[in-house]
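This is the structure I want to talk about, given as structure tokens.
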Amino acid sequence: MNSVVISLGGSIISKERLNLKLMEEFSETMKSISTYDKFGIVVGGGKLARTYISDLKKYNVNDNILDEIGINATRINALAMTTFFDDVNSKIPTNINDAAEMLHNYRYVVMGGTEPGHTTDTVSTLLAERIGSKVLINATSVDGVYSSDPKIDNDAKKFSKLSYNEAISLSIKNSTGAGTNVFMDITSLTIAKRAGIKIFVINGFDLNEYKNILYNEKCGGTVIS
Amino acid sequence: MNSVVISLGGSIISKERLNLKLMEEFSETMKSISTYDKFGIVVGGGKLARTYISDLKKYNVNDNILDEIGINATRINALAMTTFFDDVNSKIPTNINDAAEMLHNYRYVVMGGTEPGHTTDTVSTLLAERIGSKVLINATSVDGVYSSDPKIDNDAKKFSKLSYNEAISLSIKNSTGAGTNVFMDITSLTIAKRAGIKIFVINGFDLNEYKNILYNEKCGGTVIS
Amino acid sequence: MNSVVISLGGSIISKERLNLKLMEEFSETMKSISTYDKFGIVVGGGKLARTYISDLKKYNVNDNILDEIGINATRINALAMTTFFDDVNSKIPTNINDAAEMLHNYRYVVMGGTEPGHTTDTVSTLLAERIGSKVLINATSVDGVYSSDPKIDNDAKKFSKLSYNEAISLSIKNSTGAGTNVFMDITSLTIAKRAGIKIFVINGFDLNEYKNILYNEKCGGTVIS
Amino acid sequence: MNSVVISLGGSIISKERLNLKLMEEFSETMKSISTYDKFGIVVGGGKLARTYISDLKKYNVNDNILDEIGINATRINALAMTTFFDDVNSKIPTNINDAAEMLHNYRYVVMGGTEPGHTTDTVSTLLAERIGSKVLINATSVDGVYSSDPKIDNDAKKFSKLSYNEAISLSIKNSTGAGTNVFMDITSLTIAKRAGIKIFVINGFDLNEYKNILYNEKCGGTVIS
Amino acid sequence: MNSVVISLGGSIISKERLNLKLMEEFSETMKSISTYDKFGIVVGGGKLARTYISDLKKYNVNDNILDEIGINATRINALAMTTFFDDVNSKIPTNINDAAEMLHNYRYVVMGGTEPGHTTDTVSTLLAERIGSKVLINATSVDGVYSSDPKIDNDAKKFSKLSYNEAISLSIKNSTGAGTNVFMDITSLTIAKRAGIKIFVINGFDLNEYKNILYNEKCGGTVIS
Amino acid sequence: MNSVVISLGGSIISKERLNLKLMEEFSETMKSISTYDKFGIVVGGGKLARTYISDLKKYNVNDNILDEIGINATRINALAMTTFFDDVNSKIPTNINDAAEMLHNYRYVVMGGTEPGHTTDTVSTLLAERIGSKVLINATSVDGVYSSDPKIDNDAKKFSKLSYNEAISLSIKNSTGAGTNVFMDITSLTIAKRAGIKIFVINGFDLNEYKNILYNEKCGGTVIS
């Protein structure tokens, strides 16, 4: 079973509303791929969830319940995404175990978050590890990993590749600083490292990027390996 | 066990964003009530869900999955509502059975929809029937049941009371017409009738209405019995 | 995936005892069909459930729990029905979501009711809508839809076809009258209408009817479309 | 927590129909007991289930599925029984673990069978062991344990008491013979022995028997200890 | 669907540690078999579980909870066993129903115990009955069924075959005696008898035994039929 | 509801075997505490799990499944721990949501891990955050947090207190170095920081430490706040 996992960041699939046009084009792209048998697709939360959460924060609501709300929002997005596929799950799995079982039955399995404390990036790497995927695409709104936030710093330099340890160091540096340049959390990178999963951080709006990776393992973003 | 069920329509609790101020005030009102021991609170979907659903409709998505998305949205709203209570469930029940079990443990149980084909009004009456409530408050954005849509027809007349059969006839008439004046669906009214549940249709923004009903069984809206 | 849903009314599959002979013949008929890939079979409750329920009614038992008992009885009937098939589920799904997942794995999926407030006719249309079936067979003990109850009214006229709106009007008329001629509930017809599901109401004891519909979309009963 | 478990044999609670009068009187008796805090009530299947099963046997149906059908029937009976209690579960637990959790919340927990291969007598002793009950009432249609089947053998002698080992030997002897005198299966007796649970085998139609046991640990039937 | 069930006794797969070498060799043997389509593999508990349980016994812990702990240990062993197969479940089923569903999807399904009161031998026969297997291999640390315990009694005689009734009598005799020669419990043998499942009791360390049975229905141990 | 969460490291509760004596003493200590109403107890895996896992690693088993095995082992330990309490759960919750629901019903809730990628320390802080605990005891085999590994470095200095940021920095430093001095993972510390949970890292074998913290918020270990 030759499988790949794709993490679709919330910023890719939703703005004020769901970015259905991209979701449709993404699904068409995935259906055109013949190099892989199984596709795990992990969908983020996006704007709507963030609005709910930021409003509730003003009422001093428990962060754990806010995380739950965010996770529920990712599952709604995942449900919407399933509608663009045929050979796909109709229930959204709530843990890695169930997603792995479903991937035995379907060519595409779409899911969102699992539990508070895990980002959808971490869910993606856990799923990749569980089903033995060696390729993970992290589709974000930036076109790779930068030395600093390219929206703020004109001298920010994009990395074409990083070792796992370099990526972890950078993630740590960013996590503890102003937090404007966090491309993936430390837990997800640590799992990728132990499982030897090659990560491609790409501009998720560029459909050719997915194809280049899935056919040639090449991309215009950053490869972490 | 003296219990009441309140159906909070989506139009009450969400506009562009969640109406957190109302949710907080509503929870304070409920906490002040001493005439009932148990409160089942069923929360609707509101604006956000409708936006998702109307966008997806353009892509010819299966209505059944749209219903599922709508139901998931009501559960997020329910989760948000729980944060304003203390003696309340921390998981949102997905069927009447589980909600009934939870009401044994908590003073307040908040839930959303259950499955496609059931409105949250129907969920409310099913819950009321199961736990033996004889009072159901249907909190909407209109201040009662009218002979025709008051936003369109200046001659629309508000009913202060209706028999179950009158309400069912009116619901049937409205369902098959232009559909601008559907106050409650036929299934929910039929269940209320068989279980003898008194329904108070009120303006859900007016907090005094809840108090008047829960202390005196009186309201400025419409009583169906 | 070319699928069909069949609603087997309780009056077809059970009298004093389960009508096992019919269940066996029905299964043989279904196994002979080559025009469809997937079959959703929704089984009603029948005599045994009704006896339990009518006895309990005398003890003023909550209708909601009576509905639960009725649903459990349909699931026992469904379990019995599975024994006549091979490529079939061994657990009875309790909601539409699970049934849809199971239909990915099996050629035949048999289920009963889902939750109080939903008839098995409604379950059938919800399942048809979810899995994209355009044909629904409603197998009853009457050979079609009549203008009035043919057992009572000699002038009752059988319709060979009805539009969705005509069927809904007739269902409303029957629901609010003496209730002796209710062929399908309003909710199920409303769902069929929104999903464009063609309904064939037939005499479920006549095995040729199933074949004629599944091969030629013709029947001696009533077509609602 | 002072608890007792009662196994209500199918022959007690159902004949052609559910024996609702007995179920009501039994519940009134239980509500009158002040010597125990918690009551686990395990309900058997009875006539209806046996009819289904014996009919299906003629079609060479898998015994395992027949057991499942029988278990589902016990759960319907359990659901019916719950309607006669107030401080009681509204879902029927499907394993001992869930029943034990529920007994923390309710004074009365009613359940049926759990899985194929376990009689409801075995379920009763497992529940008693799990919740630490030292008294188990086995309510049957015979008024105790006899040396041979009293309906066949006029010389059959009723035991007023038996040791666990004597009861096990008798159960083995009966199981391997004509099987007309099996009062409890070997598994259930073995569990009772290891847990030191005192079993009272009584005529379940005699309401005074329950009271005598629960107040004085005396009965007109057979005590196994 | 041509299926077989194998019960791997705890004494085979674990000593002080998991016997991973045997587990790997066993899996290779199973993968080489072409005469069967589906394999149910039920795994016992072994040394580690027994240590936990015997230690806890000194603290007067409820036997029911000790059984639960033992069952959890079998599930860990089952999870470890899955890692040696490819076309295999990734969740361990906790009841026969779920295992049967999984066997529709996978060539190999590995499970442990189900609930207190059922040995893994009983689970094996229940699974075999449910999925219609006519062959059950009981892999133990002894090379067949003996007239008495061969470790104690030099005159112990190995049976090459036993009828179901002979096996049941022997099991009863052993159960009520010193208990040093219990090869299978009475419940499991009773189920095998009613379902007509041929049982091969073999030395589970001898890989050729499995092959001989699966290709020729021959073994050096004991056949119960 | 005044609650506290205690994380009992695997090194505390198990060596070659379960440390039942400590578990009993720990439970007695907890039962003697009158300053808190609710106790969440999260139990680690210990020696047995580590042996299984290290053996399986030699067979190149997927780390994700090894994590699952480790999590299952923590749940067995949790089940064992429940036997020393009375007002305690009898099922081990597998996620924070269920644990929070159970804490409404029981004074003590014992659980183990939840899913791969989360340590039991992270589970502890997530539980504390969810139920609003402001005190978390992290019981380990070292008597606090040191500047370097005290077993290796004679100059290692114990901190009596650390800010969240200092603790996070130290955890990062340790995680990326030789890994011999990791007292808590970064995720758990980050959650503690956002929720304002005061962490007491103590020698879990010293029963007075628990009492001093629960009565006076004082300890001989390290306070992170």
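Chains: A, B, C, D, E and F, in written order; residue numbering restarts at 1 for each.
The rule we apply is simple: contacts are C-beta pairs under 8 Å (C-beta built on N, C-alpha and C of every residue); 3 or more make two chains touch, one makes a residue touch a chain.
For reference, the UniProt names are A, B, C, D, E, F = Uridylate kinase.
Note that the structure is a prediction, hence the values are computed from the model and not measured.
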Requested in this report: Quickly list, by label, the chains bordering both chain D (Uridylate kinase) and chain F (Uridylate kinase).
Outcome: B, E
**Report entry** Cα superposition of chain A (Uridylate kinase) on its sequence copy chain D (Uridylate kinase) - rotation in ° rounded to nearest 5
**Finding:** 180
Report summary line: Of C-D and B-F, the pair with more C-beta contacts is C-D
Query raised in the report: Which listed pair, B-C, D-F or C-D, shares over half of the residue-numbered contact pairs seen at B-D?
Result: D-F
Query - Furthest chain, CA centroid comparison against chain E (Uridylate kinase) - result: B
Query raised in the report: What chain is the most remote from chain C (Uridylate kinase), judged by the mean position of CA atoms in each chain?
Result: F
Report summary line: Chain-centre distance (mean CA atoms) for chain A (Uridylate kinase) and chain E (Uridylate kinase), in whole Å, is 43
Report task. Measure off the straight-line distance from the CA centroid of chain D (Uridylate kinase) to the CA centroid of chain E (Uridylate kinase), and report it in whole Å. Result -> 30
Query raised in the report: So, what's the distance in Å between the C-alpha centres of chain F (Uridylate kinase) and chain E (Uridylate kinase)?
Result: 37
Report summary line: Touching at least 2 other chains, the residues of chain C (Uridylate kinase) are 62, 65, 68, 90, 97, 105, 130
Query raised in the report: So what shape is it, when you link every pair of chains that touch: line, ring, star, complete or other?
Result: other
Query - Pairs of chains, among all present, that meet the touch criterion - result: A-B, A-C, A-E, A-F, B-C, B-D, B-F, C-D, C-E, D-E, D-F, E-F
**Report entry** Contact footprint of chain A (Uridylate kinase) on chain F (Uridylate kinase) as seen in their complex
**Finding:** 62-65, 68, 95-97, 114-118, 122, 126, 129-130, 132, 165, 168-169, 172, 176, 186-187, 191, 194-195
Query - Partner chain B (Uridylate kinase), residues of chain D (Uridylate kinase) touching it in the complex - result: 86, 89-91, 105-106
Query raised in the report: Given the complex with chain F (Uridylate kinase), which residues does chain D (Uridylate kinase) contribute to the contact?
Result: 1, 97-98, 100-101, 104-105, 130
Report summary line: The chain D (Uridylate kinase) residues in contact with chain C (Uridylate kinase) across the complex are 17-18, 20, 24, 48, 51-52, 55-56, 58-59, 61-62, 65, 68-69, 72-73, 75-76, 79-80, 82-84, 90
